[in-house]
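Encoded as structure tokens, the structure appears first; notes follow it.
Per-chain numbering from 1; labels A, B, C, D, E, F and G assigned in written order.
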Amino acid sequence: MAFRPLHDRVLVRRVESEEKTRGGIIIPDTAKEKPQEGEIVAIGSGAKNEKGEITPLDVKAGDRVLFGKWSGTEVKVDGEDLLIMKESDILGIIG
Amino acid sequence: MAFRPLHDRVLVRRVESEEKTRGGIIIPDTAKEKPQEGEIVAIGSGAKNEKGEITPLDVKAGDRVLFGKWSGTEVKVDGEDLLIMKESDILGIIG
Amino acid sequence: MAFRPLHDRVLVRRVESEEKTRGGIIIPDTAKEKPQEGEIVAIGSGAKNEKGEITPLDVKAGDRVLFGKWSGTEVKVDGEDLLIMKESDILGIIG
Amino acid sequence: MAFRPLHDRVLVRRVESEEKTRGGIIIPDTAKEKPQEGEIVAIGSGAKNEKGEITPLDVKAGDRVLFGKWSGTEVKVDGEDLLIMKESDILGIIG
Amino acid sequence: MAFRPLHDRVLVRRVESEEKTRGGIIIPDTAKEKPQEGEIVAIGSGAKNEKGEITPLDVKAGDRVLFGKWSGTEVKVDGEDLLIMKESDILGIIG
Amino acid sequence: MAFRPLHDRVLVRRVESEEKTRGGIIIPDTAKEKPQEGEIVAIGSGAKNEKGEITPLDVKAGDRVLFGKWSGTEVKVDGEDLLIMKESDILGIIG
Amino acid sequence: MAFRPLHDRVLVRRVESEEKTRGGIIIPDTAKEKPQEGEIVAIGSGAKNEKGEITPLDVKAGDRVLFGKWSGTEVKVDGEDLLIMKESDILGIIG
């Protein structure tokens, strides 16, 4: 099953950052407030303004990104837990 | 009875996703917060801006879509329970 | 007494839908939250933007429409209870 | 004393509608929430947008109008209790 | 000391209206909610939009105006208690 | 250490007005709500709109201004307590 | 690991100001509300408006800036605690 986000939305797969998993250290609760890392799985065709003009997004499938902990809506696609969020929820691109 | 949504509204028929119904497993309450799947039944003529210009919608009748659990207004058309929502409530298109 | 709604407002006469009245079944309270059916009695000249440009409305007198239960302001015109609402409160057109 | 409302404001004299006064029937409290009838006494020069362009109003002195019960600010002009409100508070024109 | 209001602000001197003071009648508390009368002392150069374009104000020094009871910020200029408010707080011009 | 405010911000040094200090009269608490006097120390290059166009500010270094008591953010520059605020927080220019 | 902030966001490294650290004086809690000093580490390509036009930022990597205490989102890049914030959160540039 494919999923095409609408307009300026992107589909994101959460990635556990090395920072957090190396050595299996348990992250305390406060640390969980920090931005999370993810990989862009699919992107919408772009933001659409009042005139119907479309502005392509600046992230692309495969980009590693950071986004706020509370950003996005959880969605299950082909049995996998992913997130749908707006590009404006993306803080930046890693690498 | 036909129903034509106005402007950027769409008429949606809820679809129980396979994920949820296969095997008749009861979904716990928390799972109900997730986006829901539906099929577009009818669409409005498009979003209308301040100048009266119309921008056609990007979804069409027959599209399988995901939308937020709390999106839309319930409406009964020809005895069937459907939802009217704005295109902006649609998260993306499946398939 | 005639009544001309101003700008993007419309005058609506509530219509009890067949759904509800056939057989005189009493509708429980929860059902009352659903959209209601009405008939457009009169319409304003159109939405007026910041530049004074007018965009004609997309509904016309005689249209059967659905609107949210809490939409509009009740008004008595020639002894009849009607509703004044904005066109944007109209969910769609029936038939 | 004359009073010129500024911009898109209008000066309104409340009118007790026949509906209410004929026969001296006392209106119960709930009925008081309904729109009220009034007569336009004076109008501003028009709505002024960000560019300083003026759009003349669509109501004129002498118009009988309906407006929401809670619209406007009470003002006493030459000893008479009147209301100042924005044209957008006017629901429509009677007659 | 002169004071030049910035942009779309005006400097206003409160005026006790004749209505209120003639005969020394004490105004009950509820009456204090009504608009107040004032005289424009000085005006700003005009409203400035996003493009830096200036739209001159429609009131001028010397105008008698009505404004909402809670409008403006109290300021003492040369020992006199005056009010600074935006032109949009002015309801209309008297006389 | 120099400090250049960004965009439409200005750097302001509070000035105790003569009104308050002459004769050493103690100002009661309520009086503290009134606008305060200050001197512009530095200004930003101007307000920047959505198109990146810059509109120069209308105040300049050295201007004596009034601003609301709660306006601005306190900042220490070279050991001196100053305020950074937006030009729109400035009520007007004195003198 | 490099990190490219998206659009009008900037990556900032907190800097303890001399003011605070010289002599090792302990800053009381109230002082912590004041703006903080930082160094721009990386900047986004610019603010993007509704038409997709990009306006480059006015700060650049290496700039010493002041920003509000509560601005930005904490993020760990290559093991270093940094902040991502919007350029509009930057109060001004030092030096």
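One rule holds for everything that comes next: a contact is a pair of C-beta atoms (placed from the backbone, for glycine too) under 8 Å apart; a residue touches a chain by one contact, two chains touch by 3 or more.
Worth saying up front: this structure is predicted, and the values here are computed from it rather than measured.
Centres computed as Cα averages put chain A at a distance of 42 Å from chain C. Separating the centre of chain F from that of chain G, both taken as means of CA atoms, is a distance of 23 Å. Across the assembly, chain C contributes 50 as residues in contact with two or more other chains.
Chain-to-chain contact here is organised cyclically: the chains close a single ring, every chain touching exactly two others. Around the ring, the chains sit in the order A, G, F, E, D, C, B, counting from chain A and moving first to chain G. Across the complex, chain F is touched by residues 1-7, 9, 11, 44-45, 48, 50-52, 73-76, 79, 84 of chain E. By the touch rule above, chain F contacts chain E in their complex via residues 19, 34-35, 47, 49-50, 53, 55-56, 58-59, 66, 68, 87-88, 90-95.
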